[in-house]
Every structure is written in C-alpha cells, then in structure tokens.
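Both complexes below contain chain A, partnered by chain B and then by chain C.
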Partner chain A sequence: MTVLADILTILLNGLQQGAIYVLLAVGLSIILGTLKFVNFAHGALYLIGAYLGLFITGQVPLSNGQFADWGIETYGIGLGFTAALILVPIIVFIIGILMERFVAQSFYDRPDTDQILVTFGLAVIVQELLRALLGGNSQPFPQPGWASGPIALPIIGNFPRWRLGVIAITAVLVMGVYALVEYTDFGLIVQAGTLDGEMVRLLGIRLSRPYLVVFGIGAALAGVAGVVGGPLANVNPNIGTEQLVPAFLTVVIGGVGKIEGAVVAGLMLGTLQVALIQTGYAAWSQVGIYALAAVVLLVRPQGLLGSEVDVA
Partner chain B sequence: MTLLQTEQLTKQFGGLTAVDEVNMEVEQGEGVSLIGPNGAGKSTFINLVTRRLEPSHGDISFKGESIVGMDPHQVVQEGMSKSFQTASIFPELSVKENATIAALAAEHGSFRFNFFRHRNSYPAVDELADDVLRSVGLYGEREAQADSLDYGNKRRLELGIALAAEPDMLLMDEPTAGMSPDETQSTVDLIKRVKEELDLTFLLVEHDMEIVFDISDRIVVLNRGSVIAAGTPEEVQNDPAVQEAYLGGVEE
Partner chain C sequence: MSDEPRDATPTAAAEADPDVSDELGDRLSRFREREISTVLITVVGVLVFPFIFNNFLDGYTQLATLMLIWGIFAIGFDILLGYTGLLSFGHAVFWGGAAYAAGIFSASVSSQPLLVLLAGTAFAVLLAWVVGFLSLRRGGIYFAILTLTFGQMAFYLAASPLAFLTNGENGFTSVTIGPLLGVIDLHGGVPFPLSIAVDNMLYVFVAAVTVLSVAMANRILHSPYGTVFRAIRENERRAEFVGLHVWRYKLMAFVISAAFAGIAGSLFAIEGNYVPLESLYWTESGAIVIMTVLGGVGSLFGPLFGAGLYLYIENIVSGFETLGPFWHLILGIVFVVAVVVFPDGIWGGVEYLRDKVTGGDES
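And then the complex of A and B:
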C-alpha cells in the first residue's frame, strides 16, 4: 500500500460515509428550509427505512421482544434487496405524507421548541415500539447479491463493491432531487416559498400541496438512507437517533435549505470522520465533526452555502 | 361596468374615524387616483379594499359581488392585484423566474395537474412571463438576478408580477416612492403605456400631483376620511374645496 492508495481509500470510504449523511441531510434541509419545520423525527424515518428494508429483504430470526414472546420466530418476507431498494422509498414517502398531514401541519405556526418536542417524542415512540416488538439486539443486514464482494480498483486494489454502490445510488438520487428543484414548476414554487411563503400565497398559489410533496421526498430519502446504510452496519433501534445529530450538523454546515450545501457538508463530515478513524484517531472522530461544525459556523454563521437571510 | 364600488365605507380606530362613509366607484378601463393630504385616510381605504382591514360598517363590492368577508388572497384571485409599497420580489431568483412564478399563479394557482413538468414546457406560462417582462421593459434583463436590478427596475418587476396575474384591476400604492426623477418619469410612462396596451383599470394612491394629473382619468380627493371632491383632473384642479384642503398648508 502506498500513501496515495491510503489517501484514495480514505477518500472513497469518506464519500461513502458522507453519502449517508447527504441522503439524510438533503431531506432534513429542504424540510427545514421550505417548511421551516424542525424535524427531530427524521432519524426515525431512517430507522423505519432500515427495518422496512430488513423486513422486505430477508427473514430475520427473532430471539426476544414481544413478537418472539408471541411465538413469531422470524421477521420478514424475503423479497430480496432490490425489492427493498424500490419499495422502501415509496412506503416511507407515504409515511412522510401522513406525518406532514397529521403531525407537522398543525405545528408550522408554532415555535421551534414545540416542533422539536413533538417530533422528538414521535422519534422515541417509533424507536421504543420497534425495540418492544422486535427486541433490541442488532441484526445484520444482508448485502445485495449484485453488489457483494470486492471490486479491484486501480491504485487502491480491492474495495467493497457495495460501498461504491452507496455512493452511486446517493449521487443519482441527489441529482434527481436537485433537477426537480431547479428545473420544474414544482421546484420554482418551492424555491419561492422558501424565500417568501407569504408572498407566494398572496399571489394566489396554494402551497399546501407542494409542501406535502417536499415532506414526502425528504422522508423517502431518509428511508433510502436506512436501506443503503443497513448493510454497512448492523440495524438496531438506536440507529435513528445516532444518525440524527450528524444529519443536523450537515444541514447547518451546508446552509439551511441548500441541496448543494448538504452535499458538500455531508462529504466533508464523512471524509473527516473516516480520515480520523483510519489514521488511528477513532476516539477523536466524534469530536472532529463537532469541531468542524464549530469552525464553519464561527466563520460563516449561515453555513457554507447558506444565504445571508435565513431561518433562525 | 362598475368594477369596484364602496358604499358608506367606514373605518373607525377607537374614537378616530379614518374613513368616513366613503362612496366611490371605479369603472372598467378607468384610471382613478385617490389623493389627499397626509392622514386623509388613503392607506386605510386601500387596506379596506384589499381586505387587510375589516370595515366598521359599509360595503365593498368587486365586479358586483360583496368582498367583505373574503380573505386577502381570495380578493387577488377575484382579479384585484396590488403593487405593493415595499418592493415585493423574490430577490434571489432571476427576473424571468420572478415573472414565471406570477404567471404560474395566474394560470395554475392550485397546482392540481402537471405538477412535475419542466418549467419551460408549458407555453402559456412561459409566454405570459415573457409578455409581462416585455411590457414592463425588463425582457432584456430576464436572466439577471432580481436583487441586482436598480431600484427603479425592481419596482418595474414588481409591477410586472402584479400584471402577470392578469388582474381586472390593479391597485398601486405610491408606485414612484423613493425613485429618482428619471425613474419616476419612466415609471409614469410605463403605467400610461400599460394602461393603453392592456386596457388596464387602476386605482392609484400617490402624493405627487404632477403624476396624478398626468395619468388619471378621474381623481377622488379625500380629506379627513371623507370625499371632498371627485371628477376629471381639470375639475378637481379648479375645485375650491381641494385648493383649500391642500393650500390650507397640511402638505404639498
């Protein structure tokens, strides 16, 4: 292994780690930027995505939890990973829409603290419900057959195929969302609504439908993150909460409501974290991402790509 | 046809009667100016008409239908647009995008169908946006970021946004406030031209008498909440009550 190979490996692993942050942060950021809604349940959507992915992919043996007590021995229908990758975003999109209608909508005009309390409460309910039903132990998540094993890359040598898959899937999805926002009527209305929702309404445009879709898209991205992130680590009821903090850091570093910002910041955080871990400073990796956030926000309080005027 | 009509329209703030039993009407195709010294009740009147304030009593009808009880955005959808006193544009978007949003609002306010079509693939919206930019003279700057326009052009864009809604009546609250003499003149020319081209009906609130006499078909003079004179520019100019109210020294 050469130094160059080490650096490239760190970069690729960083991109992959960052990709998960990006998937989470893009949704969180557009929901916060457009709807001015602070969604602490965004991690729960990731969690739901992971468990749904587990359910669709394979059959997980249950050893504890309420289901096991009831004599249900396995969890899952075993349709395979590709099915999960397609079905989970659709299901979580619908969950997101229901969440907007029945939870978020009544809190748009209320203070951030109320939004945080209700969504954090929701996240805890989802987390503890899963723990009670399925047990708290970690479940391994099978890798998709078409992307398991290593791939030989120039300079680096063998690299896990699935990690490249995560980067590719993230890139496609984020470009899709970006195109939607930049090139469609829907996107233009969403951008205008982000800048001045009151004026859009005064022009006679009803924003409730575009906002519903924004929430759904944000949720679906978090769901996908749960599926693609699943094979990289074990799945347990705590992963939603664990991912929420880096996702929020990514949003504030990148600038609220900025898709490009979420991408840059997510990749920065991922790369920094991986670099610290692979160079033997694993204990500093958490400290590192907070330090990076602090430095960026000291220099640019609105985030790297944020506008001067922003949501407080 | 009478577009806007108020009957005995009154607004009291505590003991102060800001608008006092005002009867006025604006006919289709007419350019009407509302003038009066400071505190005459012009702003209150406009806020009543746009439904930002609730009348104490009296009625306002638009196109023959009472609008008392409607929300401000419903009044806009009925066909009454307002060019606002503070610049109301989306500064971070391009000039064309600003016009497109207004055109979308006019064509598809509720976004029921074709949600995800490419924003330039719907010709009616695109044409309307371009037409509006041409009529306010900003077509050449359609790619510029709205924020980078000078003050006069920002106000033009704002007028364009109001026009894109294809309003039956346009309310303009001091459209030349804060403009340089050159900008003022070009805005006045613009309003005259747009009125001619689009057969626009407008209700204008303006301090500057020169502008008012220049572009109005009819002038209504308010003083202390009441209509003290109404008529053509010549009639109003020669009305002794008006001369007294103004030359009485309240304001220019």
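And then the complex of A and C:
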C-alpha cells in the first residue's frame, strides 16, 4: 500500500516537474523544427512570463535594484492570478512576434552559431535588465487562491492542489497546440513548410505569416510556463537560464519538431528527477537528468521520436 | 565568410616583389608575418600593459593577471570557434575541471607551480578527449547542446556527489602553491630590471605562460594543421572530399582548445589559491563565448582584448556611480551589437584601421 502510494506520488510529482519542461520544450521544438531557428532566449521568455505574472497578480515589494533606489517601493497592478494567466500569454505572444520580425528574421540565413550567439546575448540582456531594475533577490510568487492548499486524493493522501493545476493547464495547452498543428489548415501549411518551404511558396502560399504565428505561440507557451511555474519556486533573474538547459535537453531527447516527443521526454526527465530526490539520491537528481540526456543522444542521436532527417 | 583573417594569410604576397619594400605597409606586414615578431610583440605587450593599466585605466596588477589568464582561455576557445567554426557551450568544464585538478594536485601531491600547471592541463586534455569524442557525434546546434549538457553534468557532479573531493558549494579552499622552481616566491616582489614595469612575481609567471601560449597558438594556426581547421570552417564537406579526416581534425581542435582552457584554469587556481564551484557553471562558458566574440573571432590577438574588455567592465566599470549597476547589461548589449553589426569584433576594427593607414595587404 505505501509502496504504491510512494510510486504514485513520484509519478504525480514527476508529471508536475515534467510539465514545466514540456511547456518550454514544445515552444522551443516547434520553433526549431519549423523555422530552423535556435532560440537560446527561450528561457528569457519564461523569465519575462514569470515577472509579468508577478506584476499582474499583485503588489510586489522592492528591496533592492534601481527602482528601489529611485524610491519606488512596490510594483504590480493587482489583478489577480487568473488575469495573469490570460494576459501574460497574450503579451509574450506579442513579444515573440516582435522578436521574430526584428531579430530572428535577419538570422534565418546565417549559420546556427550566429543564431545561438545573438539569442544568448538577448537572454543576457533581459536577465540583467531585470536584475538591475528589480534587484537580484528572490520574490515569492503566491499561489492562486482557488488552487492553494492540499487536496485529498485516493491512495496518495494529501497533495498540493496547485501541482495538479499545473498538470491540467499544461495538458490543455499542449493538446491545443497539437490539435492546431495536426488538424487545421494552418497546421497543414506549417507542416508543409517544414518539409519543403520552397515548394509551398511556389504554390502561392505565403509562409512568413504562419511562421510568425508559430514563433508567437512558442513564445506564449514559454510565458505561460513562467506564470504556471512561478508559484512552484521563487522568482529571481536566474530562473530563465536555469530552465533553458533542461528544456533544450527535452527537445533533443524527444526529437526536434515533435510535440509528442517533447511530452514524452519532459515527463521522463521530470519523473527521473523526482524519483531520485524521493528515494534519497537528491544529490544525483541533477546529474541524473544530464546523464540520461547524454545516453539517449549517444544511442539515438535524432531523439526518441525524431526522424532520421533533421536540422543537424 | 569569404575573407580570411588578415594575419593568417601566407607570406606569398609580401615575398613576390622584394625590391619595392620602401612602403611602410609592406615592411609592417612582413614584420608581422614572422613568428619571432609575434612573440616579441606579445612580450612587449605584457610588459607595458600593467604600467598603462595601473596608471591610466584605474586598474591593478591582480586584475591584469586575471585578464591574461582569461586571455589564454579565450585564445584557445578561438581556435575552436573562430578557426574551426565549432561553438562549444561547455568550456567551463575544462576551465573549472583543470582548476580543480590543479588545486587537488597542489594539496595532495606537489605544490610546485609548474607541476600543478602541468597536472591541471593534462586533466583538461584527457577530459576533452572524452567529451569531444561524445559531443562531436553531432554537428551544429547538437554540438552546442551536448557540450552544455556535459558542462552542467560536471557542475552538478562537483556540487554534491563529488563533494568529498571538491568541497562542494564552498569551493576548493586548500590550494597550496609553493615557490616556483623551489626558489622564487610567486607572491613576492620582482628583481630590479623587471620591477620598473611589474610589481608582482605572479604576474611575471602568468605573463611568461601567456607569451608561450600565444607562440604555441600562432605556431599551430600557421601550420598546415591550422589550415585544415580553417578549411573545415569554410566548407566541411569540401574538406572531406579532398580526403581530410574531418572528424579527427575537429576532435583535435577541441582537445587543443581545451588544453589552453586547462592552462588558464590551472593558472586561475594558482592565482586565487582557491577554486570556486562557479568555475564549472555554464555562465563561465557563456563568458568565454562573449569574450571571444567581442575580441574578434578568427584572430590571434582579438580574444585577448575581448577578455580584457570583459573583465574591465566587470571589475572597473561596475564601480562607476551611475553605470555601475548596469555593467552586465552593458556587456550583453555590446555583445549583441557585436554579433549583429561587427562580426569581427574589436580586432576586426583594429585591422580595418590598420589597413586604412598602411594601405592594406592587397591579398
């Protein structure tokens, strides 16, 4: 009985831990798969999402950073968590579109290396701007009132309600994106463009707009991940880069451009990490996910669900 | 990508007409192309540098030492990024790994600085062989992500499972450095003729290693071996078609660049008498990328300037009243501008000016 409960707890926590990776990885993966654009600034979009979430949700006290020096004591508009959950994706979607137009587009024809360099630079700028203005200290991100506290589950017992919320929100969003790509005309154009962009253009279909939307959706997912993941830990300027690395691993383990691959890989990494922590090997939990990633990539370089032909 | 870095072009152009050598540009370029002159320029540079730095730029010798150490790291990184065209995001593993290896060696085997340096570098080379072998299975972004993966793995390994060796989050504190060759105290003063320029023996030691590193890098890059690296950067497939074993050259470029990172990392442990855990964190890999690109990829001296500029902004500009808090932001902005507008970095600008003055190499 208790063993079963332990296993279920590990699975559920793993699902929640993996959910954040999945949200980030799906966005990264569709951008990398369709636009062939390597976005090292994806973590920065997560970071923006988290801080925007804080800003919209409530009043955050400022203790250091430039704004505090200039005499501003709090920031935030206090519309509540639900508002943040709706507004942040829209704002980050727009940021993503601007990023595609003004940064990514001029780098499509340049080597991968340059794409990595410029997006890495952007990530540094976002992170350091936030640190300079709002201070480098961690801010607690309150859980939404309707989802705080524990909930009694069969077998497992009490489980934090918000963690279930994270899993549910992730599932809905990822299924939505999957449906959009698989079952709509828009998705069809994007898929065709991924396979042979030149041919699609010759058929008289403009690809620049669908690509713009893909970039926006990827960014918006990262933004949601920031809002959803914020209440699980504190928010500080480093969380973006900290999440970027596992997110990238999720993408390459799952196979570039594969939404279902990102889901499988994210859940694998999350479950492994949680399993190591809960069985007393917490020291190895981080090493474990990197080792798993290394092994998968060495045995199956195209990723678990990736096809042989890819961007490498 | 079509124009070669100027100082890498062979001597053919200058030797073609020996009689018309009156022109300043011709003489300059012929002087530049000799190996001994590269070494001489470096020697003069490292001797004059602390004097200028300390007196006119608000610097101090310890920072000058660090600049040279990071400079060595950047020179090595440029062999990989600038010359071979491979972007690694995990070079902190060689820098930090060598620093730990050097530190542990100094504490438990021998405190001889030269042996410590050798031990750290050897460790970095061995590690690079393994990491390179595994990471180079995939090209492009996969290489960047795989190196990043191994780098982070090393960081988390050092953080707790290997804490009995590395002392975990506190960093390795028991580095012990003895006198150089048994007689010269690295933290002591400098004998007379040198003391005009430099006030610290450690700086002299690091400067000597820097000169050696520049000479080595120069030799490698001007050899046929270095030419193959550039061929791979320009067109990997064509290099393969003419019969070169591309993969093996890539691995060697990786190992060579890690050797420089190892030299620098060991010096870092010797200099600070301490190895912080952060030396393995991926921000250090990011820092070396920024330094190299800022200085100018594909040039010998560019990365040295990049490292200097980075540390200058980090340590000196960060103390300024209004700009200070924004130092890292400034670095990020300068970096992005460099990537977008000046892909050749500072050194590219220097070369442009030089060519304006001397009329160019016409190559």
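The rule is short, and it goes like this: the second predicted complex is superposed on the first by the 311 of 312 C-alpha atoms of A that agree within 3 Å, B and C clash if a C-alpha of one lies under 4 Å from a C-alpha of the other, contacts with A are read in each partner's own complex, and residues count from 1 in each chain.
As a working rule, a contact is a pair of C-beta atoms (placed from the backbone, for glycine too) under 8 Å apart; a residue touches a chain by one contact, two chains touch by 3 or more.
From a predicted model like this one, the values you see are computed outputs, not experimental measurements.
**Student:** Should chain B and chain C be called a clash or a fit once both complexes are overlaid on chain A?
**Tutor:** These partners fit in the superposed model.
**Student:** Between the centres of chain B and chain C, viewed from chain A's Cα centre, what angle do you get? Round it to the nearest 10 degrees, please.
**Tutor:** About 90 degrees between chain B and chain C, seen from chain A.
**Student:** If you stack the two complexes on chain A, which partner ends up touching A:V287: first (chain B), second (chain C), both, or neither?
**Tutor:** second
**Student:** One more residue to check, A:L203. First (chain B), second (chain C), both or neither?
**Tutor:** first
**Student:** Applying the document's definition of touch, where does A:L87 land relative to chain B and chain C: first, second, both, or neither?
**Tutor:** Touch partners of A:L87: none, neither chain B nor chain C.
**Student:** Considering only the touch criterion stated at the top, classify A:F186 as touching first (chain B), second (chain C), both, or neither.
**Tutor:** first
**Student:** In the overlay, answer first, second, both or neither for which of chain B and chain C A:L79 touches.
**Tutor:** After superposing on A, A:L79 lies clear of both chain B and chain C.
**Student:** In the overlay, answer first, second, both or neither for which of chain B and chain C A:A171 touches.
**Tutor:** The answer is neither, since A:A171 touches no partner chain.
**Student:** Thinking of the overlay built on chain A, is A:L195 touched by chain B (first), by chain C (second), by both, or by neither?
**Tutor:** A:L195: touches chain B, not chain C.
**Student:** Residues of chain A touched by chain B versus by chain C: which partner has the larger set?
**Tutor:** C
**Student:** Output check: A:D114 vs chain B and chain C. Expected answer is one of first, second, both, neither. What do you get?
**Tutor:** In the superposition, A:D114 touches chain C alone.
**Student:** State the minimum pairwise Cα distance, in Å, between chain B and chain C in the overlaid complexes.
**Tutor:** Once the two complexes are overlaid, chain B and chain C approach no closer than 22 Å between C-alpha atoms.
**Student:** Go through chain A and flag every residue that touches chain B in one model and chain C in the other.
**Tutor:** Looking at chain A, the two contact sets are disjoint.
**Student:** Enumerate the contact residues on chain B facing chain A in the complex.
**Tutor:** 72-73, 76-77, 88, 90-93, 97, 100-102, 104-106, 108-111, 114-119, 122, 125, 161, 165
**Student:** Chain A touches which residues of chain C in the complex?
**Tutor:** Against chain A, chain C makes touches at 81, 85, 87, 89, 134, 137-142, 144-146, 148-150, 152-153, 156-157, 159-161, 163, 282-283, 286, 289-290, 293, 325-326, 328-329, 331-333, 335-336, 339-340, 343.
**Student:** Quick check: in the complex, which residue numbers of chain A touch chain B?
**Tutor:** Per the stated touch rule, the residues are 180, 183-189, 191-192, 195-196, 199-206, 209-210, 213, 307.
**Student:** Using the touch definition up top, name the residues of chain A that touch chain C in the complex.
**Tutor:** It is residues 32, 38, 65-66, 106, 111-114, 116-118, 120-122, 124-125, 128-129, 131-132, 241, 245, 248-249, 252, 283-284, 286-287, 290-291, 293-294, 297-298, 301, 311-312 of chain A that touch chain C.
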